C-alpha cells in the first residue's frame, strides 16, 4: 500500500546523507486503464527492510496487463499502487534488524516476497511460497525514486554488473531458472518463442554447453535477434514445420529439451512434437486461455516430462546469474530502448506495438 | 507374424521332453472385430529367444481395443496375429546363444521388446526405446499354449510368486513404475482412477511409506476395492469435490503426488487442482482424445511437474515388483474372475460390462 | 550465554500467566569435567524467539563429551553454559515479531540454529549453514525449566506425539535424514552400528519399503533390540563376517544402501565391502580419529557414493518424522531409562556404562 | 585369449577386400616385465563382434602397469595377451547378427565389455557391470593391426573427429564422466591433479559453464598445460596452500565441486579441505595404497558427497563426448608425442619418465 502523504522520511541514512521527503512514482491511482506519474512521500523502511534509491527498471509484460487493466489485473491489483518490479539501485537506509546489507550497496531487486514459514519455504522452495506477494503488484513497486523492500529481496551486486543489466536480472532470472531446471550440457535444446526471456535463454543454454540450440518464433526481427544471441538454427513457425525440422536436425529423435517461452497453443504443440521420448519441456510462457493437448500421443506414450516454471529459485538462480554474467553472458542485445521515467507512456506504447525487445526506464541520470 | 502351418517343432526341449507340434491360440485372424480360437504350430525359438509354455494370462484394455477393432487397433495391428501380452509360464526350450535362462525356469513376460541399440536403449531407458514393439500386438502373443519371446523379455521368478500374480506382473509393473517414479515416503498421494492399475498402485504407495493415500473414482464398487487395498480416504468424484476434499485433508496445500490413472479429462483436472505447488503428477491413464487444460493456473503458476509414464522400467521395475511382492504386497483382490482360454468370449464380455476387475485366462490346468 | 542473575522475567506470557523468575538448569559452570545443577533467572525471549517450558529432554553423546570435557568440548564450549539440546515443551511466551507460533503450543526443539543468509541457507540447505550454532553448546540449552530459542527452531507438534518421543525427535531426525537421503523402497539396506540412531533407522527403513534390512553391531543387547525394531537379519560383527554374510543375502552383489552409524573404522570398512557396485553409503557415525580406507578397491573401482550426513534437513526431515510417527513409526523401545533432572549424574553414569539405550530427563511431572 | 596361429581369416570383408592372414601385435607373451612385438593371425569376428583395422591407439597408465608386471598386473593378466585398449579404426568385417554397424565405418573403441544381464546392466549402469572384462587386459587388445571386439563396444564416429582424438576417447570419456557426474554450470570447480585426464577435464568444465576452474599439481609443466587448457587459476601444491587459496577464491566457502584426478593422499586431503559444506567430490585417481582420511571433519560434519568414478557411462558419456567435440572441445594439447607401433619401447620409456602427456601409437600410415 502506498504511504499516506503526510509521512516524512528525512535523515534516515546511516551515511548521514539527508534523504528528500518527496519522490516521483509511477502508479495505478484508481481502478481503470492507465498509469499516473505522482509525487509521493519517500517510504520508510520497516523492520528487516531496506530503502533503495532506484537507478533503473525494466518494463515487464505484467506491467502492461496492469496498465490495460485486463481481467487478471482487475482480479489481483488493489489501487492505489506504485508499480514496477524489475529494478536496480543503491541501498540508502536500512530498517531495524538489518545486518546483512549496508547503506551504499548496489542491489538488484527480486520481485517475489516469500513468507519464510509455509511448507514450501521450509523446504527451500521459497519461489513457490504458498503466500507469495509481488513487489509492484501486491506491494508498492520500484518505478519510483525510492522503494522500501525486504532486505532479503535485495540481491547484492558487485561493481561489475552494469546498471541496465542489473535492471533486468528479474526476467533474466526467469530465463536462467527455466534453462537450468534441467541438464543442458551436451544436449539438444529448442527455445520456442523469442520474446526477451526466450532470447536471453539462448546464450544461457550456449554457456551451459548445449549441443544444439534451435529457436523458433513468428517474427523475423526476433529470429534475427535469436541468431545474434547464439541460436544455431532459427525456424520461422509461419513457414517452417518446426517439429519436422527439429527431428531432421536430431537424427529423427527430437530434442532433449524444449523451453516453451511463448504461451501459444500452436507453439506448445510444436514443442511437444519436437521433443524426444523421455525428453523435458520447461513451461514458462503463460497461455491466456485453456489449451488443448494430445496428452496421450505427445506426452504419455513418449514419457515426456513437463515442468511449470515460476519466478526464480531463491536464491540459486541469483547465484547462477551472477556467475554467468561474470563469465561473459551477454544479454545486452535484448535491450532495445531506454526512456526516462517521465516518458513512460511512450515506452508502454512502444511495447504494445510489438516493435521492441526489452525497454528500460531510467530514474537516475 | 504367426508361423506358417507347415512348421514342425518337435523335440526342442533340452530336458528331452517332446513338445507337441500343435497348440491352441487366440488370434485376430483377419481385419475386423472379434478373436478366433485357432490351432497353430508351436513356434520355434529363434536366436536369443526362449519358448514358454504359458500357464496363465491377464486380459488388458489393449486386448479389448484389438477385439473391437477400434481406430487405434486398425492403425497398428496387422492380422493374422496371436494376441495376449500379460502372461506367465515355464521355459521349455531355448534358442541359440541363450545362456542366462534355462529350460524349466518359471518366468513372467515383459510385453515390450526393445531394440537395444537406439539412443534411449543406450541410455538405460529401454522402456522408451525408439523402435519398441509389443508382444501380442506387433509380434505373436501369449494367449496360446506356447509363445516364443526374446530371452531378455522373460523375467525369472522364484517359486514364491503365485501363478495368478505372475500373470499380471506386466500391469502391476505399470502401477509400480508410476508410483515409484517419484518419492513417496512420508508424502501425501492421490490416486485418481481406480481401475486395476490404480488399485494396485494403492498398496504400492502404502508400502513405500506414503503419509496419506486418497483414492477417487466414480464407481462405488471400485471405491470399496480401493479401501480394501489400503486407501486412507476414498472420494466419489460424482458427489465429492475432489480437489477441495484433498486440500482439506492436507492443511489446504494439496497433495505432494498425484497418480492419474483414469485418462479422463475431468479427473485429470481434479488431479491438477488437488496437487500442491511444486507437486508431481504421474500420467498413466490414456485419454481417448485431446484434453483441454488450464495450463497457466494449474501447472505453470504452481510449478507443477507432469510426467508421462509408459510401460515399465527395464528392469528396475521388475526388481522392485519382485521385492515388494516378497515383502507381502497383496494385489490379489484386483483379480475378480478366471476363465479357461476356451471361454474367452465370456471373459471379454464381462470386461466390457465394467463389472470386473482383472480377468485371468488360464491355459494350464 | 547464560543470563546475568539480576534479570527478571515476570508476566511475559500472553495468556496472562505469571512466569516464575527463577528456574533449575543443568550447566557447565566452568572449564573442567562435570555438570552442576544451578538456579538461574528464567530467560526473556528476544525478537523472533519463543520461551519454552521444557517437559523432557534426551541425553545425547555430545552431552557426554561436554560432561567429560574432552578435547572437542574444550575447543568448542565456552562456560558458563546451560546444556541440553534434545527437548520438548510448551511455548509460554513469544518475543517481538513472532507470528507463526503461539503461547500454549507444544513443540519439539531443533538444536541447530541457522543464520538464514549464507549461501547454504539461501540454497535451502540450512542444515549445513556456514555459521551454524547449537543450542546447548554454543547457546544456552534445554536441560532447564525454561529455554529461549528462535521461533524457527520450535517445531509445532500435534497432540498425537507423546512427550517422550517428542523429546528425542532431534536424534530421530538424524536417523530419518540418513535413511531418507537416498531411495529405500524395494532396496536392500545394511545398518552398521545399533546405537539409538542406528536402531531408530531400522523401522524408518522398514516403513520406507526396504526389501531387506540387515543390522550389525558388537553388542548382543543392541542386536536383540535391532531385531525388535524390525531388522530382518542381525549380524554380530565379533563373530560374523559381515560383508560375506551380506553378500550371501543379496545374490552375491552386496546391499544397495549402507547406513554407517558406528563411527568405527572396522565397521565402516565392513560397510564399504558390503555395498554393491554403485551403491550408496550414508555416513553419520563420527570417527574419533582419522580412518584408513582402501579407497581404490572399496570406493572408486566400485563407483560407490558416500554422503556425509549432518543434522536434519530443515525442515523436510521434521515433516517426514511427523508423517512417519503418525503412520505408526514406533521408536519407543530405544528409550530404556528415565530420570528426573536432579538425578542427572545417575543418568550420565548409566550412559557411560554402555548399558542404556536412550535416556530421558524429565522436567515436568 | 589370442587366436591359435593356424587360424586363417582371408576374405572376410563384405566389401570384397581380401584381408591379410597375419598382423603385427604388441603382446605380453609370458609372465614377467616387458612387451613383445609379435606376428599373429588376424582374428575372426565371432557372433555380434566386429573386426576393426586399428588406425591409432593411446598408451594408458594401465598399460604401464602391465608392462612393468606389477602386483596388480600379476593378479589380473593371463598371458599370452595382446594389449592396448584406447584405440580407433575402421570396421573391416562383421560377425553373425551384427546389423547396427557396417563395414567401412570409423569407430572408437570402448574398452569395457559389459555382460548385459547382471543387475547393474539391467539398471542401465553397464559401466559398473558385475562381470566387466577389459579389452587389452582380460581380452586381446588393440595395439595390433586388427582387433575383434563386440559390436556394442564400437562407437560410430562421423568424419569430423580426427584420428588422434578418436584414439583417446576412452580416457577423454573418463574426464567427461567425472566432470559431468554432477552439475557444473555456474559452479566453482577444483581439478586436483593435472595428468592427461585431469587436463582434459578442464575444458570440459569450461564448456559446461563452470563459474571458476582452479587446477592444482606439483609439476610446473603440467600447470602450464592446465592454464593452456583453460584453468582460471593454477596452484602449485608444492608451494601453495591449496585449500586456503581455494577458499580465498570462493568467498571463504570452498568450491562446489572437486575432481580428484591424482590418487595421492595429500592431494585428496587438499581436495576435501577445499570443498564447501555439502559439496561434491568425484574420485577418479586410484591411490596405490590405503589412504588416511579425517572423515569426521572433512566429510561428515561438512555433509560432503564423494563419488567413485569408474570408466565411462555406457553410452551417455560417448554421446556427451561426441557433442562436446563437435562444439569445439579441444583436447589436442594433451597429446605430446606420437610413435609408430614398432617404437613402442621408446614410447613406454618416455611415459615412465613423466616427461610426456598423452602418447599415441600409430598403426596405419
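Details
Letters A, B, C and D mark the chains in the order given here, with residues in each chain numbered from 1 onward.
Simple rule for what comes next: contacts are C-beta pairs under 8 Å (C-beta built on N, C-alpha and C of every residue); 3 or more make two chains touch, one makes a residue touch a chain.
For clarity, every value in this text was computed on a predicted model and none was experimentally measured.
For B-C, the equivalent interface within A-B, C-D or A-D is the one where over half of the contact pairs agree by residue number, namely A-D. A count of C-beta contacts for the chain pairs B-D and A-D puts A-D on top.
Note on chain placement: the centre of chain A and the centre of chain D lie 43 Å apart, centres being C-alpha means. Inter-chain spacing, taken between the CA centroids of chain B and chain D, is 42 Å. Multi-chain contact residues of chain D, defined as those touching 2 or more other chains: 119, 125, 319. Interface residues of chain D, counted against chain A in their complex, comprise 180, 183-187, 207-209, 211, 319-320, 323-324, 326-327. Of all the residues in chain A, the ones that touch chain C in their complex are 47, 97, 100, 117, 119, 122-126, 314-316, 319. Touching chain D in their complex are the following residues of chain C: 119-120, 125, 127-130, 251, 253, 263, 268, 276-278, 283-284, 286-288, 290-296, 299-310.
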